[in-house]
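Chain nomenclature is as follows: A, B and C, assigned in order of appearance, with residue numbering initiated at 1 for each chain independently.
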Amino acid sequence: MRTWKVWEQRLVKGISFLAAYSVIFILLFLLFVVFSKGLKALSWGTVFSLPKGGYYFGGEGGILNAIVGSFYLSVGATVLAVIIGVPAALFINVQLIRLKRTQNTIRYLLDALWGIPSIVYGAFGFALMLLLGLHASLLAGIITVALLITPILVRAFDEVLKTIPVELQEASFSLGSTKTETALRVIFKQGLAGFITALLLAFGRGIGDAASVLFTAGYTDNIPVTLDEPVATLPLSIFFQLSSPIEEVRERAYAAAVVLTFFILLISVSARFLSKRYAKNIIK
Amino acid sequence: MNRIRRITDILVNVWMRAGLYLLLAIPVLIGVGLYWKAAPIIGGHSLSDLLFSRQWFPMKGEFGFMPFIYSSAYVTVLAFILSAPLCLFAAIYLTQFGKHRLLQVMLPVIDILAGIPSVVYGVWGVLVIVPAVAKYVVPLFGVVSSGYSLLAGGVVLAVMCIPYMLNMLIEVFQTIPVGMKEASLSLGATHWEMVKHVIIRKGFPGILSAFGLGIAKAFGETIAVLMVVGNTLDISVSPFSPGYPLPALIANNYGEMMSIPDYDSALMFAALLLFVIILVINLFFRYFIHKTEKI
Amino acid sequence: MITYPVFSYQKAKKPQRMVNHQEKQTPIIEVKGLNVRTREGEILKNINLQIPRNKIVVLLGPSGCGKTTLLKSLNRLTDLHKELQVSGEVLIDGVDILKVSRDLPIMRQKMGLLSQRPFPLPVSIYRNVAYGLKLKGIRSKDLIAHSVESNLKRVGLWDEVKNRLNSPANSLSIGQQQRLCLARGLAVKPAIILADEPTSALDPISTKIIENLFKELKEHYTIILVTHVLRQAVRLADHVVFMYYGDIIEQGHPDDILKRPQTEVLKKYLVDGN
């Protein structure tokens, strides 16, 4: 073999090795910085109490309002997304099973929708809110986030549903089930692992997104009791507190960032774990 | 079939259809909704004025989006230059040269990191990148900067795009049939020649798509950039000066725009602009992927 | 170190090998104590095998018995599957391919590969055949053009494609693609052809063409053919190796092996196979 070929290969291997490990390093470094800064600022008081008087000037209190608010908002949005998305995903995979072109076109559109930035959803949500006569509130936030995460939920669920063999549906039809019964009893059950993954994925996106709730959910120091009250969210609490000139307030932003990152990691890991567990009951 | 079964069948069917149609209507609704809110400003100004004018004086009714478009393009291109080669080579290493175990460990890690909210990347940018730019990079060039700059925005975006693009690239490289790699090697190609002639050539549409979608993501990213980019109206060539990308404009001003006439409409126009640009990029590159997946 | 002098290409018209009697008798491939395993288990268990020159050797056995893995260990394509651990010796003309590093591409060029499904490279028909030559460092356009033509003629593809040499290779039919892959392999002047169920994706007519080509080619090449079509083994084999769960159970002349099997496993396989 010619020497220059050897050298070319070594050079490329070297470059790609460096690239791979610097990527790994950067990502680990990011997690390290966020955790090391945040864990120092983290305490029971920060997580489990509401902001008290003078909080935004370094006073006592915590970010419980944002944690609970994010949870409310994301649960609401996920429920809404399930109500719209699950039947849609089943429809694509049961009623449209023979129409490959239609299926692919729908998937293509949904994939493209996945890429729309959340600030656009935020602006649209705001316009919608004005149209419906709402003001910045939990409800408006839920609707906006639901719009954002429904395509994600549908596509993630659909990815699993589309691997279910057609024969299974045919077997169900031959036993006298209607299409909807097949969809709910057979296909949904087979795709349960995918459903859980999709659910958690959508929930995680809902918790983490800031730009869509910026003008639709408002912000408050309290935990909302009704749907038309404004609600605080974790990403926004990080964002607002970090822009404060006061060191103590910024510290709490770091703590909130750790809490948020921790939730997201927890959701991702449990999604992987659960989808593996439920996958055991699936006919291959 | 008894009556209850038939009625449930019809009802569920209606529900499924409604869900799907609503879902497919979302992009249309967004487009129409934003256009409707942006109509006053589109009616009152010529499109070329809005897009290419540098005069941004909302109080005087002058809305030139050029500085924002410029900033957006600047940070996006910067992020792309920083992340794309890195991702390409890292994906090649992980799928071709590296140990099998490394890829198995990295795949879920990359997947999880892709789900980390952008605000966390923003926090990291404020903690690490902004001070690093101010303390270490700027003095090298003999300029003064707070660190909140286009460069910081570009770097944070680049890091955000890494897991996203890497994920797609690895997927692209893994779909290339083993038989084709074997053919190249058995004809006497070195490992790198095989990668060059088979993996990169065969995966080229996929690589382009991953890059394109990465660009689209960077272009529309809001919070992380907003936190580090400085948000100052300026058209400057220097990466050390602050910028003001489109998403940051929308996010920053929504609270205060109600008092100035046409301001909310201008912001809706910015959102519409983002929507159209990114939808077009997405449709274009997704089409690539859908085409190649079928083969 | 093995070198392939460029001038040997001038003799490309008559692919005759100048071999003395001594060389003719030593096996061209010798496998000694080859083990291939994954973390889950063994795929090949202590394989010892000698492959004679200019013969068609058929590897026979039920699917999953390790035939393909054995074939791919011969030119070390097992490298592509990083989860595989390979140990032992695979001597090609006396050189252990598992131990070479920088000469691996040259060693691999001694073996042409024909896989289950044709995998044309994502370039034109012409450049598929020219690919190996360019890798060898041959720059002369005439030499390459000549080799492309003669090898395409040899597999009977020239008349079908001579007017569209620059169209993409995957525009051909599957049968044509497989012949293209054979021509591509022959162009680098290998001594051995490794064929992994090369006709399993083909129609009967293309199968016939490939089988007849093999019969012609064995005059100058050693062919190792993996198949699970018994009749194909009978038609082509000079030597049959029967494998079962990573072991070689029986081997020998097809008349002995297939007509008078010694082991129960092979008897059962022959009955079920027919």
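The criterion applied here is as follows: contacts are C-beta pairs under 8 Å (C-beta built on N, C-alpha and C of every residue); 3 or more make two chains touch, one makes a residue touch a chain.
The shown structure was predicted, so the numbers you read here are calculated from the model rather than taken from an experiment.
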item	value
Closest chain to global C-alpha mean, per-chain Cα centroids	B
Most distant chain from chain B by Cα centroid	C
Cα-centroid distance, chain B relative to chain C, in whole angstrom	48
Distance between chain centroids, defined by C-alpha means - chain A, chain B (Å)	17
Chain A and chain C, separation of their C-alpha mean positions in angstrom	51
Residues of chain B engaged with two or more neighbouring chains	190-191, 193
Where chain C touches two or more other chains at once, by residue number	105-106
Multi-chain contact residues (two or more partners), chain A	1, 6
Of all residues in chain B, those that touch chain A in their complex	1, 5, 8-9, 12-13, 15-20, 22-24, 26-27, 29-30, 33-34, 36-37, 85-90, 92-94, 96-98, 102, 106, 108-113, 115-124, 126-128, 159, 162-163, 166, 190-193, 195, 213, 216-217, 219-223, 226-227, 247, 250-251, 254-255, 267-268, 271, 274-275, 278-279, 281-283, 286-287, 289-290, 294
Chain B residues touching chain C - in the complex, by the definition given at the top	99-100, 177-191, 193, 197-198, 201-202
Residues of chain A defined as touching chain B within the complex	1, 5-6, 8-9, 12-13, 15-20, 22-24, 26-27, 29-30, 33-34, 37, 83-88, 90-92, 95, 104, 106-124, 126-128, 131, 147, 150-151, 154, 178-181, 183-184, 201, 204-205, 207-211, 214-215, 235, 238-239, 242-243, 253-254, 257, 260-261, 264-265, 267-269, 272
Residue numbers on chain C that touch chain B, as the complex places them	72, 75, 77, 79-83, 104-106, 108-109, 111-113, 115-117, 119-123, 131-132, 135-136, 181, 184-185, 188, 194
